[in-house]
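In C-alpha cells below, several structures.
Each of the two complexes below includes subunit A, the first together with subunit B, the second together with subunit C.
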Partner chain A sequence: MTDLDHDAQASADPLLAPFTPGMHGNPPELAELTRNDEIVPQVVIPLADVKTREFVEEWHNASYNCYSSGHKFCREVCPVVTETRNESWSPTAFHANVVAMERGELTIEDVAADYVNCTGCGACELRCPNTLYTGDFYRFRTRTVDVVKAARALAVESGVHQEGYRSWNARTAERSHEPVLGEVPVGQDTVRDWADGLGIPVGGETILFVDCEAAFYRTSVPRAVAQVLQKAGYEFGLMGEQWCCGGPAAEMGYVDQARTFAEHNLASWRATGTRRLLVLDPHDYISFTEDYPKFFGADFDLEVVLVVELFAEMIRDGRLVPDVAVDRAITYHDPCRLNKRKGIWKEPREVLRSIPGLRFEDVDRVTQWSYCSGAGGGLAVEKPELTAAISARRLDHAGRLDVDTLVSACPWSERPLTEAGDDVDIDVLDIHELLATSLGIEVGGSRGETGDRRLAQARTGAMGRVRRTKGARGPGDAPSGAGSGDAPGGAGSDAAGSGAGDR
Partner chain B sequence: MTIMLEDVDEVVRALRTVLADEQILTGRADRFNRARVPAPFPVHRWAERVPDLVVLPTSTEQVAAIVKIAHDLRVPVVPRDGGTGLTDGAVPLRGGILIDVKRMNQVHELDLVNRTVTVGTGINMLKLNEYLAPYGLFYPDDPASYPCSLVGGRIGTSGWSLIGARYGHTRDLVMSFDHVLPTGEVIHVGDGIGHKVSKSSSGYQLKHLFMGHQGTLGIATRATLKLFPKPEAELSPFWAFYNYDDAYACTGALARAGVATFAGAVLFDEHKVAYLRRDDEAYIPQPNDVRALVCAVMYGWDDEVRAGGRRLFRIAKEHGARYLGDEISEGDWAARHDRYATPLHGRTKDGQVVPMSWHCEDAAINYSQLPSVTRAWHEIVADLRRRTDVFDDWGMFAYTQGSTGVDYLTEIDVGIWEQQLDDRAWAMWVDAKRRIARVTLDHGGSISACHGSCREGEVDLVPEELGRGFDLMLDIKRTLDPHNIMNPGKYLLDRAYPEEG
Partner chain C sequence: MAFRYEEQMQPPPPQRVTDVAITTHEHVYEVDPRLMERWVLQQAFPNWDSLRIMNARGDHLAWMHAHFAKGVVTGSELLAEVDAEDAAESSERHP
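Entry: the complex of A and B
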C-alpha cells in the first residue's frame, strides 16, 4: 500500500477520481491520454479471400460483442445445444468462428457444417445480456439468426455445400415448391388442390399465401383458415401463380434462388393487383417482413397480415363467435418465429381462450424460449434425427402437464411434433383447425398420415380426452413426469425420486 | 508439448474402444471453440491454447476410461465443464485431450426424504432448479454465471455463491461426488464414506482437496447436492449514499446484525456508480450526490423476511441510507447476474464506446481492509489506463462472504479490449495482476475468493500465500498424477516434476 496522501493525488490525477468517459466537462487530459495511446490502434489482419473478408467486415463487431462477453447465457435455452450438448453448435461458437476467421485461424470450410445446427429460433438473441440489458441504450441487438444465415450464404457462395441443403434447393428450384412430399411430386398444378370445393377465387386485392408444407402436406390448416375467413365474410383470393416464398432457400444460404422466387411472387402479386397478403405460416411471415423488404426496399409495399392476429381481432370485435365446445385439455406451443422472433404470443392465447370447452394449461412464453420443434432453419432437411429429438423433448414438456393435446400455430412444426406426440399419445393440432372446429366448420384436408390416423382413432372412441382421466391429480402433488424427465439431459435419467413416500 | 499429429491418430484409435465416433471431435472449429473462457484471453495467441481433440463422454465409466488411456499414453487431459470460469482452469495450455462433460447432465436421483439430488456434473444450476421447482425445492448455488455454469465447474473451482451468507457456498452445498483421478481410478469423496452425510469426522477431510483444484487433480462426474425449500419471499433493498465511507460503514453494520434470513450484502464503490451512470437506465437519472450504493438480500418465509427486513432498513437509515425504491431494488437484484457480462459498457477515456471483455479480479479481504485495498487497486488500473485504452475501470464491488461479515469477496471489474491485445498489452495486464495480488497479500487477504488464482501474474504469488502448504500441493500433485497429465501447466505445479524441467 502506498503512503501517498490519497486525496492530494486524486486531485492531481483525473484517472483516480470516478468519472464518466465522454461527459462534457471532463478534464482535457483524458482526451489527450487517449490520443497518445501506447497500444491502440492495431493493424487489422487482411484476409485474402474477398468473400470471407466481406462477411467478416459485416459481422466482426457483432461477433466480437458476443465473444468478449464470454458468458454463454444462450447455451441452456438453445434447443440444439440442449439436445446435443455440443458447444461447437452453440450461438457462442457461431460468433466466435467469425472472430477466428478474421484472424485467419478458421475458414468457411472448417465451420460450414457446424452452421447447419441452428433452427433459427432466436432464443439466444433474447437471452443474450447484450440484447437484454444494454441493447436498447446502444441500439444493439444480438443477431445470431442473421449471422448463421450469412455464414451459410458464404458457404454456398464459396462452393461449400451441405448435401441435404443442395439437393432440397435444387428440387425446389426445379418444381418452384419445396419437395415436402418426398418422392411424390409437388408443383404449380397441385398447389391449390387443398382448396378443392371451397370456391375461392384467384387473385384480388387480398390473397391468402399458403406455404409449401401447408399446401401439400398439412392441408387441414389452409382449409381451416380459408373457411374461417369465409365464415367471417372476409374477401380474399388465392395467388395467381404461387411459388415457394423463398425463405427456406434464404435460410440455407441459397440467396440467389430465394431472390428469384421473391421476384416471381412479387410480379405475380403485381399482375393480380394484390395489395395485401394473408399469411398463416410464421416462416412466411418472416420472409415477407424481413427478407422481401431487404430484397426490394421500399418497392415492397404490400400489407402483410398474420392470420392468427386477424382472427384474434375478429373474435375481439365479434365477427367470429366460437360456440361449439371442444372437449380437449390443451397446452399451447409458442412457434419460435412468432414468440421469439416477432414477439407474437398474446393473440394465439386470445384465440384459444375464446374456444368453449377447452381446458387450457398455459406455459409462460418466456419459459418457452427454450422450447422448439426443431423443424426450422433447414435443420430437418439436413438432420431429421435431431429435429425429431427436439420435438420429442417438446412433447416431453407437454407430457408433464395434464393435457391430451398440444396446439401449435406453425405448420412446419406440426409434422415432427405430431410424430413425437404419437409416441406419448398426445395429439398435435393447429390453432386454426381448432378454431374452425369451434365455429362448427368441418375442416377436411389432411393432417398428415399420423395426424389423420390419430384423429380417426379419437373419433371412433369418446370425443377428446381419450388419453387419460382429467383432474385425477390432487393440487399438492408433484407433476407426474417430473421425477424421470427432461432434467436437462433427459433420456438417460436412471432413477425417479427415491423419496416417493413424500408424494 | 502439444502432441504431434500421428499421435492424435493413435489417441483417437484408443478412444474409439470406449467412445462412439460422434463423441470424439477433431475438427479445427471444435477445438478452437473449446479454448477460451471469460477470463482475459490473449486472442492474439488463441492458436497456442487449443486442444488436440475433444471428447464428449456420457458417464463416469467413460471419463475413467479416457483418463486411463491418456495416462497410459502420457497425453495431457483438460477438463471442461461450463467454460465460464474467470480463471483459466479450462484453458488447454499443452494441447491434449479436452474432456467436455456437458453430456453428463442427468438427474440420477431425487431424494425427497433426505432432501438431496444426485446429478451428473454437466448439469447447469438454472436447469436443475427448473427441474426442482415443482417439488418446492431449490439448489442455492448462485454465482454470476448461474444461467450457464455447470455443477462440475463449481466443484473444480470451489465456487462462490452470491447468497452464500445464507445457504453456504459450493463446498457446503456439494455433499459428495464421484471423482476420476489422473490415473483413471474412480473414488467417491465426501464427508466420510457417505453420499449424503453433511458432517463427518472419519479420516482426512478429502472433499476439500478435490474442490478448487482447477482440474489439476481429476474430474468430478456425479455429485450429490443439498437442497432447500424454495424461498417464499425475497427482499433486496438498494440504498444510496453520499459517499463511500458511509456506505462502507452501513455494509458492515448490516452484515454484523445477525439477521437469520440475511443472504448477502453488496457494496458498490464510487467508481462503480460512475460506471453504472454510463448506460444503466436505473442510475443515469440518479442525482450527482448518489456516489455509493449498498444492497442487501434476504431469503426465507414471508414472515421472517418481513421482520428481518425491518431491522435492516432501520440499520440502513441510521447510516444515512436513502432507499432507491422498489423498482430498482427488485429489478436490479433480478438482473444482477447479467449486468456485468456485457461488452458494450467499454469506453475509451474520451468516451468512445468499444467492445470490451468484462473481467473481474477478485480476492478475499477482511472488512477492516476494504477501503485501503479499494484505493490501491484503483491506482493499479489507473496506471494501466494512463498507458492505453485497452483497459477500462468498471468499479468495484465488495460482497459479504459469510453471515458474520468477517471478510468480503472484493472485486475490481476491468474492461479489456481484447481485439487490441498484443504481447505488450498482455504483459501490462499480467504485471497489473501481479500487483493486484501483491496488494491482497499485503493486506492479509487471499488472492482469490472464488475464481481461483492460477492465471499468469497472480500465480507467481501463490507459493508465498500458501507457504509450506504450496510444497505440500506439489507433493500431492506428484502422488496423484505421477506423469503430470492432468491439466498441466496450471498453478506452477510443473515444479512437482523437476526431472522434466
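Entry: the complex of A and C
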C-alpha cells in the first residue's frame, strides 16, 4: 500500500504501475495530485546580514541537496580529506555550513578558515552521485567548487581575510601578475622574457596566453609550446599587454580583482584584433571557459583552444611527427582541471603514445580522480605544507610503478610535484617539454632550481625503477585498496585494462 | 575541440522520448525541464558539462565493473531468468 491509496485498500503491486507525475496516461485521481504544482520559488531567508542572506539564498538548494543526501563518497576522492581526515574540511562540511548559516547557527567568520582547505580539483563534484548519476538527468548537479569560491568571496566581502590570500592578491594587483618568484619582482616588463630569441610577434588573430607560473617560473613550458607551434608552421603572437588571467583571485574570493583583470585582458585582445586564444595551462582554460563567460556572457566571443588538444590533432594529421627517441619510463599525472573538471584525458595520452622510446605506464583516469598535486585553488598560497603532503602522496603513487619520470600537463602542479619527486628520485616533466624533445627541439628555459638540477644529472642504465636511488620499491609492491581510491590494477594498467576504456 | 561560447550554451534540439523525458545529446536524457522546475531550480549546463557527466558516468561504471564485478549481466537477461523460473514453477503446479 502506498501513500497514494486514498481508500486505504491494499493496491496491486505499485511497481507494476508506478506513478510518474506528468505522464498523459495517469489515472485522473493521481493526475489531480500535481494539478496545482507551481514552479519552485526562490527561497527567502530571514537573515539580517544582507551579504550572508544573498549567499545562502543562492546556495541553499545546492547545500540541502548535499546535506540531505549524505552519501559522502566525496571524502575518498578529496585530496585534502584523504591527507588530513579532517571532517570540517570535507566537501560535505562545506555544504553543511551553508545550512547552518541559514539557520543562524554559524557565521562566515566562524568557518572562513575552513574553506581554505580545497584545491578546487572537482573530484567531489564529479564523484557525487548527485552529479555522476543524476546531474544531467535532473539538470542539477553538485557544485562544491562554486560553493567554496562563493564562501571565500563572502568572507572577503565581509572583511574576513586569510593573510596569505590577502597578501598574494594585493601583490598581484600591484604588479598585474602573481608573485610566483617571491621577493623577485614580476611584471609587464618581464612577462615576455621567456620568449627571448624565439622571434614571436606581438598581437594578431591568434595569441598564446601564458600563465604567471609558466611565464616567470617554469619557462621551459611556454618555450616548448612556442617552438612546437613554430615547427608545425602555426602562426601565433604574444599578447599585447598581458595581465594575470584573474582566475586565482576569483578562486581566493577576490572577485572584483578577478573581473578587473578579465576586463583588461578582453580589452587588450580587442585592441590587437585577437580572435583565438591558445592556452597551455589548465587553470587558464578554466578561467576562459567558465569565469569569463560568466563575466561577459555572449560578448566573450573568442575561441579558446587548449594547446595539448591542438598538438594531439597535429600528431593525428601528420603535421607533427615525433621521431627522436626519449629514454624514459613515465607515468602521466592527469591534471585535475583537465581530467575531472573538463573530461580531457584522451589527448594527452595520444601525445605521449606518439613519442618514440618512451615506456608509458598509464594509470586510468577514474583512479586518478583521487590524485592531485595540491597546488590548485590557492591552497599552496595559504597552506604550502598541505600542498607538499598532497604532492608527496601523488609521488608515492608514481613510486609504486616501474617508472623514473612523472609527466604532467599543468605548470602549477609541476613545482610541488618536482620537489616531492626529488625526495623519491623521480623526475617531473611537462608533456609539452617532452613532446618538444621528441621533435628534436632544444627547449631551453627553466624548470625551477630543483627541476634544472635534476635535468642536468645524466641518467644511465635501464629505464624505470632501477634508476631511482631513493623511494624505489620492490617489484612486488603493487598498489592495493580499491576502496581507498588507490589504483586496483593501476600498476602497469592502461585505461582500457582498468575498465575505463577509450571511446 | 575549441571552446566557443555560442556553441556551448545551446544544446541540440530536444527529442521527446516519453511524456516526461527528453534527449538532447546522444545518450543524454533528462526530465523535461518544464516538469522538473516544479521541484528543483534548473541549472544552466553548457554542453561540455552535460557531456562530461555522461562520459564520466560510463567511465565510472566501467571502472566499478572492472574492479568489483565477477561478471556483468543486463537487466533483460535477469528478467528473462526470473520469467523462466516463474514459468517452470507454474508448470510444476499445473502440469
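We take it that the second predicted complex is superposed on the first by the 416 of 503 C-alpha atoms of A that agree within 3 Å, B and C clash if a C-alpha of one lies under 4 Å from a C-alpha of the other, contacts with A are read in each partner's own complex, and residues count from 1 in each chain.
Simple rule for what comes next: a contact is a pair of C-beta atoms (placed from the backbone, for glycine too) under 8 Å apart; a residue touches a chain by one contact, two chains touch by 3 or more.
Since the structure is predicted, the reported quantities are computational estimates derived from the model, not experimental observations.
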item: Partner chain(s) touched by A:G273 [first = subunit B, second = subunit C, both, neither]; value: neither
item: Touching partner for A:D301 - first (subunit B), second (subunit C), both, neither; value: second
item: Which of subunit B and subunit C A:P201 touches, first, second, both or neither; value: neither
item: Which of subunit B and subunit C A:T20 touches, first, second, both or neither; value: both
item: Which superposed partner A:P356 touches (first subunit B, second subunit C, both, neither); value: neither
item: Which superposed partner A:V99 touches (first subunit B, second subunit C, both, neither); value: first
item: First (subunit B), second (subunit C), both or neither touched by A:G187; value: neither
item: Touched partner set for A:T289, first subunit B, second subunit C, both or neither; value: second
item: Partner chain in contact with A:G440 - subunit B first, subunit C second, else both or neither; value: neither
item: Touching both subunit B and subunit C, residues of subunit A; value: 20-23, 34, 37-40, 42, 61, 127, 132-133, 135-138, 140, 482, 488-489, 498-501, 503
item: Contact set on subunit A toward subunit C in their complex; value: 20-25, 34, 37-40, 42, 61, 126-127, 131-133, 135-141, 143, 276, 288-289, 293, 297-298, 300-301, 303-306, 309-310, 313, 342-343, 364-367, 482, 488-489, 498-501, 503
item: Subunit B to subunit A touching residues, read off their complex; value: 25, 27-30, 32-34, 36-39, 41, 43-44, 46-47, 56, 58, 82-84, 100, 102-114, 119-120, 122-124, 126-128, 130-131, 134-135, 145, 147-148, 270-271, 273-275, 277-281, 291, 335, 338-339, 341-345, 347-353, 355-358, 372, 375-376, 378-379, 382, 385-390, 392-393, 395, 416-420, 422, 424-425, 439, 442-443
item: Subunit B contact footprint on subunit A (complex, rising order); value: 1-2, 6, 13, 15-16, 18-23, 26, 30-31, 33-34, 37-42, 61, 64-65, 67-73, 75-76, 85-88, 90, 92-93, 96-97, 99-100, 103, 105-106, 110-111, 114, 127, 129-130, 132-138, 140, 478-479, 482-483, 485-490, 492-503
item: Parts of subunit C lying in touch with subunit A, wherever the complex brings them together; value: 1-6, 8-9, 18-20, 28-33, 35-43, 45-46, 48-57, 59-60, 62-68
